[in-house]
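Two complexes follow with chain A in common, the first pairing it with chain B and the second with chain C.
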Partner chain A sequence: METSDPMGTTTVLRTPAEETLLKRYPAEKASLPGAPAVASLRDGAFAAFEKVGLPHRRVEAWKYTDLRANLRTIAAPAGAPDHGRVQALPPAVPGDGARRIVVANGRVLADLSDLAGLEPGVSVRSLADALTHADAAVLAALEPIAEAADNVALAVNTAFMSDGVVVTIADGVRLERPIEIAHVTDGETAAATAVRNLVMVGAGATATVIETVESTSAAAHQSNIVTMMVVGDGAAVDHIRLQLEPFEAVSLTTLTVSIGANARFETFNAALGAGLARAQVFARFTGAAATGAFRGATLLSGRRHADTTLVVTHDAEGCESRELYKAVVDDEAKSVFQGRINVPAHAQKTDARMMTASLLLSDGAEAYAKPELEIFADDVQCGHGATCGALDDDLLFYMLARGISKTEAEKLLIIAYLGEAIDEVHNEAVREMLIHRIEAWLGKRVG
Partner chain B sequence: MPAVQETIEQVSAIDVDKYKYGFFTEIESELAPKGLNEDIVRYISAKKNEPDWLTSWRLEAFRRWQTMTEPTWARVDYPPIDFQDLHYYSAPKKTAGPKSLDEVDPELLRTYEKLGIPLREQELLAGVEGADKPRVAVDAVFDSVSVVTTFKKELAKHGVIFCAISEAVREHPELVRKYLGSVVPTTDNYYATLNSAVFSDGSFVYIPKGVRCPMELSTYFRINEKNTGQFERTLIIADEGSYVSYLEGCTAPSRDENQLHAAVVELVALDDAEIKYSTVQNWYPGDAEGKGGIYNFVTKRGDCRGRNSKISWTQVETGSAITWKYPSCILRGDNSRGEFYSIAISNGKQQVDSGTKMIHLGKNTTSKIISKGIAAGKSDNTYRGLVQIGRKATGARNFTNCDSLLIGNQCGAHTVPYIETKTSSAVVEHEATTSKISDDQMFYCLSRGLDEEEAIALIVNGFVRDVLQQLPMEFMVETQKLIGISLEGSVG
Partner chain C sequence: MLQIKNLHARIGDREILKGLDLTVNAGEIHAIMGPNGAGKSTLSYILAGKDDYEVTEGEVLLNGVNILEMEPNERATAGLFLAFQYPIEIPGVASMTFLRAALNAHRKARGEGEISTPDFMRVIKETSAKLNISTEMLKRPVNVGFSGGEKKRNEVMQMALLQPSIAILDETDSGLDIDALKVVSDGVNALRSPERSFVVITHYQRLLNYIVPDFVHVLSDGRIVASGGKELALELEKNGYAGFVQDAA
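This part shows the complex of A and B:
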């Protein structure tokens, strides 16, 4: 918190969480992976954090998710995971046929990962290795796109990142099996992790990347996961993130993506877990005539808080983007959506549509939406919509009149409502798993 | 698609270099010394013969203002304002004392004639333009003072009080004291606090219980003197079951310097009362290079305090170098209604950051926001709005539609809506797609042979047109043309 004294000087009061981070970095930096080049990148990122501290409600981008107030303590750095417990975790998406790479407690676990028989042109490496060897391509890829440049969650991740997965897919390669990055936090005591993944998809290549975020216990883990993707010209990439941690957890996830000309990129975020969650997407169209779809579904109960923040910049002509985020909010939970579409003057013929909807199931539930447009080009089609309300009484009545119970009717309506977003997910196993999870969630609701 | 030709022509007709009201009236003025301190605040208060309570109210605001910092969140960019380099009070010399038209400086009357504002009641009555023209009572504010208020006697017959606020402080202290600062507290924001300390003049309206105000009320603000700031304060109270329609217009001379206009407008609607507040904002916008023009930093807020009350804001914004203005409604009473209709047209290097706030507190409160921003030249036009539904506002309803249109690719249009809902039974809709205004209304219009474009214009502008036809101003015709501007090519 900043206080101004009458002399006009400003003193910064640090919260305990900030104090912990400030002490931890100098103590830990020597043991973090990376060459001197990485050390200076970390120092720069940490200095950026040190300057502003944890974001709070007076920082516009964090207006509805006050980390300074909500993040009371910072958990200890995660220790080594128990491989047995991690292995025992049932797969999050049964039957997706994915090549699973496990990142547990901020470390890539090769022994639990499916790395055999990689397709030609595909490489999967550990980020820690790449940093230790000062891989020039990896170092260059760590530079965030402009939209994410001043993001504090990303800066903290850069300072503390311990490991992650580096996936490179060569030009023209068509991946048959999805790649699944399984993030797991293991241990009975609260632990903090900072993971950075890089996914670089070459021109004309095709890939599906699924990320799952889970933990083996109900400890108050804190995960900060950043995935940076580059989608080459003419490539087609589907990205899915399933946020499944227990409600004790704090989860910050960030996706940055730059999308090349004529490419197709789609991302879907399912915010089903964590007590305090923020999913950030920063996207930039760098080549003409590409299409992008950004979608998500949020299910909230209890006193959970989930924030979806999205910035899409059309930095090229003739790109099309679709944004659709839907939330179901029960009990005293809070749902936040912030979306911004930037259209600079040269991005003529842009076609962008952003829609967000919140369904409030209880009088204590809250929804906040801020769908922004920033337009400097005159020959574009941009729209945005936002709605908020309860289930439609007429629809409920119709079903009740036909002998369907209230619980069942509500369930059908809620699944139909979320279906608009979920149906767009290409991967069938993921779609089925989502419907299954939603039904289970609805089953647990106290009518 | 880009804007249609007709729209481009209509917008260029009001480009900044075509400002018609930029003349200056040579008139001897009494100026407060430049600068701002407690003595100046006391000087203004003394000039107005104010009671002690108001002087201390001002001083308290001034002391608080000194501890505040200028807000920077709006999407506008301007060099720092030197608040010590302004005259906070300027009054034409010959208007001291009781005001009747015969005593008003003829030079002043000519100024208002030139602006198309008739101040002589008999002229209005015997107007050549036809006897069926609706009569409008006008309060003319020239720099820091109200020079004349027309039709006062006739209004008094209905119990309506319409006068300068400085006069109301003397004649109706109980009303002023009860309501002043009750909607926009002195602590509200930087410019509102400044206004509370140094406000000079503005209008006061009180409509008694059950009275439908027999004519339109209007205030015309004119900034004339250079190096001055204008700090108007308007307070309108509609008592139970009453109705009033109030119109506001403003112009200023063309000057190379920037002048500050920081107004506060407070509206109070009690049970079953209705206030319609319309503004045609035509302050000097600066030249094509962005030199000069008014900084219009205004706090306007209406409080629907009573059950079934209604406040509607209509604004046509074409002037000012920078506009920072969010006419808002606090929907406190159950079943109260708030409306906001806005057309903001920016040209040259104008910057507009405008919108509204609808704060739903009472049960079954409804609000509607229709905003059109049109940016041309090198201007920036931002809609910034808040719809907030409180926990107790069960059954609340909001509909928002904001469209932006860009003419050329050197300007910018921005939409920053905030939607905060804390009750499940509320329905909030924010829509920026022109074809989805209301399917029923659209269908009705289409089935009667209107094409889609006409139907949208009719639905979106129906209300606005209705109000603007009442405007007692010469540029009413132009304004009406603006309302007809096509939405075709709007970018959402």
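This part shows the complex of A and C:
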């Protein structure tokens, strides 16, 4: 609720969701893991949240995704998960051969995680343990990069983070097997979780990290997952996030990454689930001549809302970044893309290309795109584009004229449309799973 | 086979077909010639079911059934095939996926199951070889990066795969080199049968030396204004459309 006073300044009253968060933090902080240093970090983050409250449409970065209006209540903190039910979830990516680490209801479940025979140079730990032991490297790694510093979702996560996975990969280690962090919320009643993962990849190392976000039921779970990655000089890292929750769920995911010199980093976000989802990516090139690719595919139906917000800063010379986000929006769903590329004056020879496209399948579907470039260097190649439209009638007619039904023709065209982004995913099992899910989604479409 | 009766059609408020009559019997080849903009492609699109056009009068019967109420894919599986004047590129859709979907749609309409992979590969190999279409081309998305002539050959290959009962070829000869013209014509002639008819739209009498028509029609200003045997094409080649088109001098 808001009221305006006659002086024209606005007094903002707390929403019920904000009130809940304000009550929860003091009540819970004593039971949250961490040494005193962590407690003061949490306090600082919570104070930052308290000052601004939930972000709303007059905050530029949240213009299209008004949490104050859309988040009516805050779910209770998640209780202990039922290990059996979590274990019974079918693998999200069949055949990916990944080392799977399960984080259920905000807790790393060692008994369900595949921690045996870790490759030399690889360590996987629970964040809660690291916080309790005030591990200096972990505490330092919690500090967000500048792009994410004033992000409210991240601040709330810092205040409430209960656990998560800390992965460290030593210099030069070439990890064949992907690491999969499976985030699961279990339980029949709505539950809130705050998970923080840290992935630190040493110089010259290679790794694939897959994150899945799922629930065991269709309760209105709320998850806030932050993954912070550091990609060492010359390292090659693929990151994939699959949002697969039922449409009752609210999902905030944040990826922050700093990319060292000569490194290659690629991330792909599949926004296939949750009724209200925001996927944030904050990236910074910290060393010269690195390449980064930021891609995603969004599939929306019903009244779902999915927001992709991306900030990439080229803080070094000669880096190349590619941004490609594609959305298919049906019914009365709403897709949002905000992308910003910063090129400060010293980042000469930057090559950055950002593209976003939305395919609207119904008259009620909406797509908002806000691509921005902020360039202060003069010797750069940067571009951006945004398109929005329906399926091409001439393409459809050609296929129909060959006897192919409208449903089948649309399916082939939609898969082709998303394929531009999906085909770039290196992991074959993930690609197959994505096509499979898209086909299933299309199969459920009416008309 | 195909009866077009008093067909009137418009796009926006512009009338393009103005009372067109044409009857094609089983096994016949009809050639349609006529000046640019006469409405030849419009006729072919309306037959295939493109919904940009509004049919204001008349009917089109395929084997006695009015097809104007049918969806384009239903017309196709009922046996009508259009080889497009300008085949479109479909980025991201693999040729093989497309061909297989088209074949399976026809099989489904006949109440048959999906084609097996070995059968599909065999039929593709046979048909593509006849039309000089390399397997390399079929690895690309539909028509993507094909030359003009390759696109036309690909249309004829699709026709050969789908075995329609009536095929409308809209300027399939345009853009073909001399050898390709022969290949395409052989492809069409190989499909000739007493049960199958063709409507061949062309600007060039030369094609009709290869695909010998039973009838030649002149379409001008939305109507068939003259019909005759194959000698009509020779006459047109010599004298142009002047004698048939009122406002051409």
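Note that the second predicted complex is superposed on the first by the 437 of 447 C-alpha atoms of A that agree within 3 Å, B and C clash if a C-alpha of one lies under 4 Å from a C-alpha of the other, contacts with A are read in each partner's own complex, and residues count from 1 in each chain.
We take it that a contact is a pair of C-beta atoms (placed from the backbone, for glycine too) under 8 Å apart; a residue touches a chain by one contact, two chains touch by 3 or more.
Predicted model only: the values in this text are computed from it and were never measured.
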Joint occupancy of chain A by chain B and chain C, clash or fit: fit
Residue contacts with chain A in the superposition, chain B compared against chain C: B
Chain B versus chain C as contact partner of A:53, first or second or both or neither: neither
Which of chain B and chain C A:187 touches, first, second, both or neither: neither
Partner chain in contact with A:296 - chain B first, chain C second, else both or neither: neither
Which of chain B and chain C A:408 touches, first, second, both or neither: second
First (chain B), second (chain C), both or neither touched by A:204: neither
Chain B, chain C and vertex chain A (Cα centres) - angle in steps of 10°: 70
First, second, both or neither for A:419, with chain B first and chain C second: second
Least C-alpha distance (whole Å) that remains between chain C and chain B when both complexes are overlaid: 14
Common interface residues of chain A - those touching chain B in one complex and chain C in the other: none
Chain B residues touching chain A - in the complex, by the definition given at the top: 1-3, 73, 389, 391, 394, 404, 406-433, 489, 491-492
In the complex, chain C residues that touch chain A: 48-50, 71-73, 76-77, 81-82, 84, 87-88, 90-93, 97-98, 101-102, 105-106, 109, 141, 158, 162
Of all residues in chain A, those that touch chain B in their complex: 60, 345, 348, 358, 360-363, 365-390
Interfacial residue positions of chain A with respect to chain C in the complex: 394-395, 397-406, 408-409, 412-413, 415-417, 419-420
